[in-house]
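One chain, chain A, appears in both complexes that follow, with chain B as partner in the first and chain C in the second.
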Partner chain A sequence: MLALDLLVNGLIFGLFYALMAVGLAMIFGVLKVVNFAHGEFYMIGGYAYVLISLKLGIPPWIALGLAALAGAGLGWLVERLLMRPLYAGHGSWSITKDEYAVVVTFGLSLLLINLVDKIVGPYPFLGPVLIETSRFTIGPVMLNGQKLIAAGVSLCLLIGLALFIKRSLWGRQIQAVAQNRLGASLAGIDATKTTSMVFMISGLLAALSGALLAPLINPGPDVGAFPAIKSYVIVVLGGMGSIWGGMAAALFLGVFEAFFAVYVSYAYRDAFGLLILILVLLIRPQGMFGEKGREV
Partner chain B sequence: MSEVNNTRGNLWVNRLKKDFRASLAVVLLLCFAPLVVTTPYSFGILIVSIYFALLALGWNLLAGFTGQFSLAPAAFAMLGAYTTALLDYHLQTPLSIGIPAAIFGTAVLGWLLGRVVLRLTGPYLSLTTLSFAEIARVVVGNSIEFTRGDQGLNVPTLFENRIGYYYLFLMVLVATLVLLYLLMKSRTGRFWLAIRDDATGAESRGIDVVRYKTLAFSLSCAICGLAGSLYGTFSQLVSPELGLLMQTGLVISMVVIGGMGTLTGPIVGAMLVYLASEWMRDFGGIQMIVFSAAVILFARFLRTGLWGLASKMMQGKGKP
Partner chain C sequence: MRFSRITALLGIAFAASATSAIAADPIAIGISIAQSPPGSVVQGTQVKDAVEIVKDMVNAKGGVLGRQIKLIYEDNQGIPEKGRAATEKLITKDKVVAIAGGHQSSVCLAEIEVAHRYNTPYINTNCWSDDVRKKGYAEVFNPANYNTRVSEAMTNTIIAMGVKSVVAFAENTDYGIGQAKITGEMMKARAPGVSYKYETVDRAGKDFTPAILPLRANPPDMVVTIMLPPAAYIVMNQLYEQGVAPSAKTWLYDGSGLADYPDFWQNVKDAGKYMISFALYHPQMAIPKLGQDVSAEYKKRTNNEPNRLIFQSADSLLLIVDAIKTAKSTDPKAIVKALQTMKFAGVRGPFQFGKEQGYGFQQWVDIPFVNYQLTDVNQPISKTNLIQGPGQKLDVNKLVKPAK
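What follows is the complex of A and B.
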């Protein structure tokens, strides 16, 4: 029953991917740019969790919350300092918007990696686990406590986020700005505040994802690269800017990779994810669940 | 700029001419470097900085002149280097065929990739080239029986003499500059600029946008491939590390700091960034922190780069 084990573990990894990818999809939704520093939000989250709990001796559950706060703070800062000129009072910039966003977020990604490398050191840290258990099996599925708890937290967060976006006033404002920034602001929505909020949520989720995985993956300064690339694949697969599409695509990619690594080739697992990205962009650029912007 | 300025000094052709002359002046200055530099180690640094200047020119052709943000320049340098190295390793092909094969191979590959991706724009193009770059690196690094994987391949060298190599790289740099200057002066260059400034407008005036974008892509890849191939024969070792995203980051920072959309900017940027990074290595490896911070600040506040600033000062305009 290897297949069932792979399915469950693939779904769990899909949940982690979803935490990352949803934030990226939301940023693309409201600003129509790709945040190339998204993997570094993840890395900062992992480091914040490990350093706070190991060096300051704060219990892991509180450290998890603090790491999430650090991610949200970073997201807010990035939006305030670097992203605001994209839409606030710099009309002529709209032509070179994509270029600016690529250069600035790519630069930010290198900056954060090298800062952490310099300040904390290039060696990976192993984070403390949230719950102390050895490996156990449920039927044919092999799990450990940390993985299960992390998956549970991710699932709760994703459901919470879905309700927040769907039901709350702020969530609806985010949807409105993503559909049409001008139209939303005409209807009295503060688009600037909404964008700021999207970056905070995005940073929070990515940092939490890094913190939850810290006990499983030894975060080093460049740990964000692969999760970030995975989230690009997911965001394209699910349709740029579509939150539901992103969640579905993340689960799909997690399962697909788990099977691919075992049945085809472990070394080429990451390359095939990227191949999917190129193929989707060519055949169906709007993704599986893509949604077009609405005109006023 | 709000008012239209029609003085002769401000026409694009004249600005390009001035830019080209300035870039040749920089190269001329570099020709005299052997008077000051004597140790083989420093020559190595200079040669690598010219390698980066070539990559920066190649990337700038796409990003600065045509407005297409590729994230694959380092990957194409790696592919060019591997073309030469694999031909030598498997077929014992001499370098006189191996190096042109690298140019041709990367140009064709760039053309094919260009055909496929250039219907995409903006973030989609960046994402696709980024994934292409990563796929290329993963495939090269994992095809151990064909490429020896991360161990890399040994490549024969053209000549042992470092001064000779230095002048060879300078000659290639001049040739690239002349080619780019002639192209930018011609119809093709105007079309590229038109596509950069307004792709829809260019298309409506009858410019075959995809064709000209593909041409720029292919040429840019060929420049990167040639640079990579020459670098491989110089260092006599080709490994997947040539294609790391960090290398692409360096190239981007060089162009942004030097000045995008110019000929002098990328060269000055490459020299400045690479030499400064060697210098800063003595202060404990802070070079990447400084450059990535510089890239963000330049993109945010000084979008024309150092060369844009310098040329504005020379025009006597004072305030930008």
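What follows is the complex of A and C.
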């Protein structure tokens, strides 16, 4: 029965990881840069949800939507002000200044953490639950309502994102830019607009993730570090830039971490994720679902 | 002749103005705290609030030796290397006469090495690890609580309650692991029949469910938490969510004085009800007039109730001020000597530092503590179920268990 408990909880946390990681994977897919401030999008989402609902008295479901909008807005702003110089002036298809992206996103991460720390304060906040339910059992598994709802919303969002990427025109444009930015531009796709959209989606998903987990994981200014590290592992594990790979890797990591913690060592649970990362880089550097790069 | 008289007068005037400038120079005291993550900014903020109050009180009364006190803050971010650099900077560049504020054991352990090297007095404000004392450095003074004190108190309570199995969650820091180990040693020596084990958890962790789930199948009689917020809050919420503790079967016992943090109830809600807590402050404790003044000023400035960290921080700065007065000097060596011998009357009452090597070295050995139980959500500390306190022996029969 413990195994079932671990499986369910691992899958639930895997869904939360996935919601964070796919945004990171999308940005890498389109721009080939790692957004080191991704965890802070999550933090902003958590804070926006808590402050909007607790301080302004707005119902939690509306606060959830507003937190998502805050994340999308921040994503748009970051792309417009900080990321665009990556390719501006080098032709819309050419990406340069890789080191710039590392420095600017890392700096942004520190800036956001310290801004929130100084403006809102260092105290963590437990967010309000979306639906008032006490803990309950499903068979041998004990859950609380918030966790189940957060998992359900995450699943719906991931399915929705998958359909959006696969079926919609915008989704196909994202795929095209991720595959070949120059080719997509030659085919008439506005790569700049697509990049902006990817940042907005990425910010929205991370912020939603933070907001959904705010009633479970008391957000403080540095709350984003933990999910961000998990996301980096997942993105490499699933294949850099692969959204599907990211989703699968997130579920895999969530479940295996849970089992490893109980049957091997809890103390080394996080090290286990990093060990997988190293093994993947050594044995299959393109990740579980990534493709080998080809030099032309 | 006339020229030389004017020159002499000008010389005297210049010398007098220079002397008064020196006399008016403030006394610089270094405060090394976490003001930004990943350190405990919550604690850092409280330390700063308290020392600011004391500084203003001292300066309003004319300062020390006719000089005002100036506090120089350094942000150590709760990182030992940053703490080491901060201490080095405070001593060598800012020329502080003493340092206070340390509130995370790993950081204190790094900082005291620098203070020791420069023979600068170091007042440990809130680092509980016994190792800070065991170093035996003459410059380090400890008005703060220490791990052995907590472990002793908790072991006594656990034995009195008659529990047979205890699982502790300890954060992966010098403080957490240290306290978990000492408690284990004491339990082994004094209650060998009690099963005790501890799990080390990441203080930056967010999901502790895998460590908690096995306890559902085989619940212990007591779960002990040796952790700081926010991880402590998350563990408590997940223990409650999984129905492990507090429950009809399992007690929850906090060994880090969580309940008097200003954000405690906002972050734990139902998970805090029925928790037993070791603590260093309770409104029933006799607080001298000076402590009451600091308490009133803290409430006025922050709108929060004071807790033990406010009093510890206030005492840390007052110790330095009193030592300067006693030594009639700001020379670090003279301050150290004064601290070693003087009897101090602070905001928590009078005490003198111990001299015996080990965990009691230059430590307020008999630091007062309480044990209480929270019996309702949002309960203020004054309304808690006090099971051990000043002038009140441990009475575990007063403890209340949840129905389910």
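Before moving on, here are some points about what is shown:
We adopt the following convention: the second predicted complex is superposed on the first by the 284 of 296 C-alpha atoms of A that agree within 3 Å, B and C clash if a C-alpha of one lies under 4 Å from a C-alpha of the other, contacts with A are read in each partner's own complex, and residues count from 1 in each chain.
Just so we're on the same page, a residue touches a chain if its C-beta (ideal position, glycine included) is under 8 Å from a C-beta of that chain, and two chains touch if they have at least 3 such contacts.
Since we're looking at a predicted model, the values are computed, not measured.
Partners chain B and chain C, brought together by superposition on chain A, clash. By the touch criterion defined above, A:N144 lies against chain C but remains apart from chain B after alignment on the C-alpha atoms of chain A. In the superposition on chain A, no contact is made by A:V120 with either chain B or chain C. In the superposition on chain A, A:P221 makes contact with chain C only, not with chain B.
In the overlay built on the shared chain, the residue A:F13 is in contact with chain C alone; chain B does not reach it.
Of the two partner chains, chain B is the only one touched by A:F106; chain C is not.
In the superposed pair of complexes, A:D270 makes contact with chain B and with chain C alike.
By the document's definition of touching, of the two partners only chain B reaches A:I278; chain C does not.
Among the options 22-30, 40-48 or 76-84, the segment of chain B that ends up inside chain C in the superposed model is 40-48.
In the three-chain superposition model, chain A touches both chain B and chain C at residues 113-114, 225, 267, 270. The part of chain C that touches chain A in the complex is made up of residues 36-38, 41-42, 44-45, 172, 199-202, 204-207, 209-211, 213-214, 216-217, 229-230, 233-234, 237, 240-243, 262-263, 266-269.
Here chain A touches chain C in the complex through residues 1-2, 5-6, 9-10, 13, 113-114, 117, 121-126, 135, 142-144, 147, 213, 216-218, 220-223, 225-227, 257-258, 261-262, 266-267, 269-270, going by the rule given at the top.
Taken in their complex, chain A has these residues touching chain B: 28, 32-34, 36, 82, 85, 95-96, 98-104, 106-108, 110-111, 113-115, 118, 225, 229, 232-233, 236, 240, 267-268, 270-271, 274-275, 277-278, 281-282, 285. Across the complex, chain B meets chain A through its residues 63, 67, 69, 71, 116-117, 120-124, 126-128, 130-132, 134-135, 138-139, 142, 197-198, 245-246, 249, 252-253, 256, 284-286, 288-289, 291-293, 295-296, 299-300, 303.
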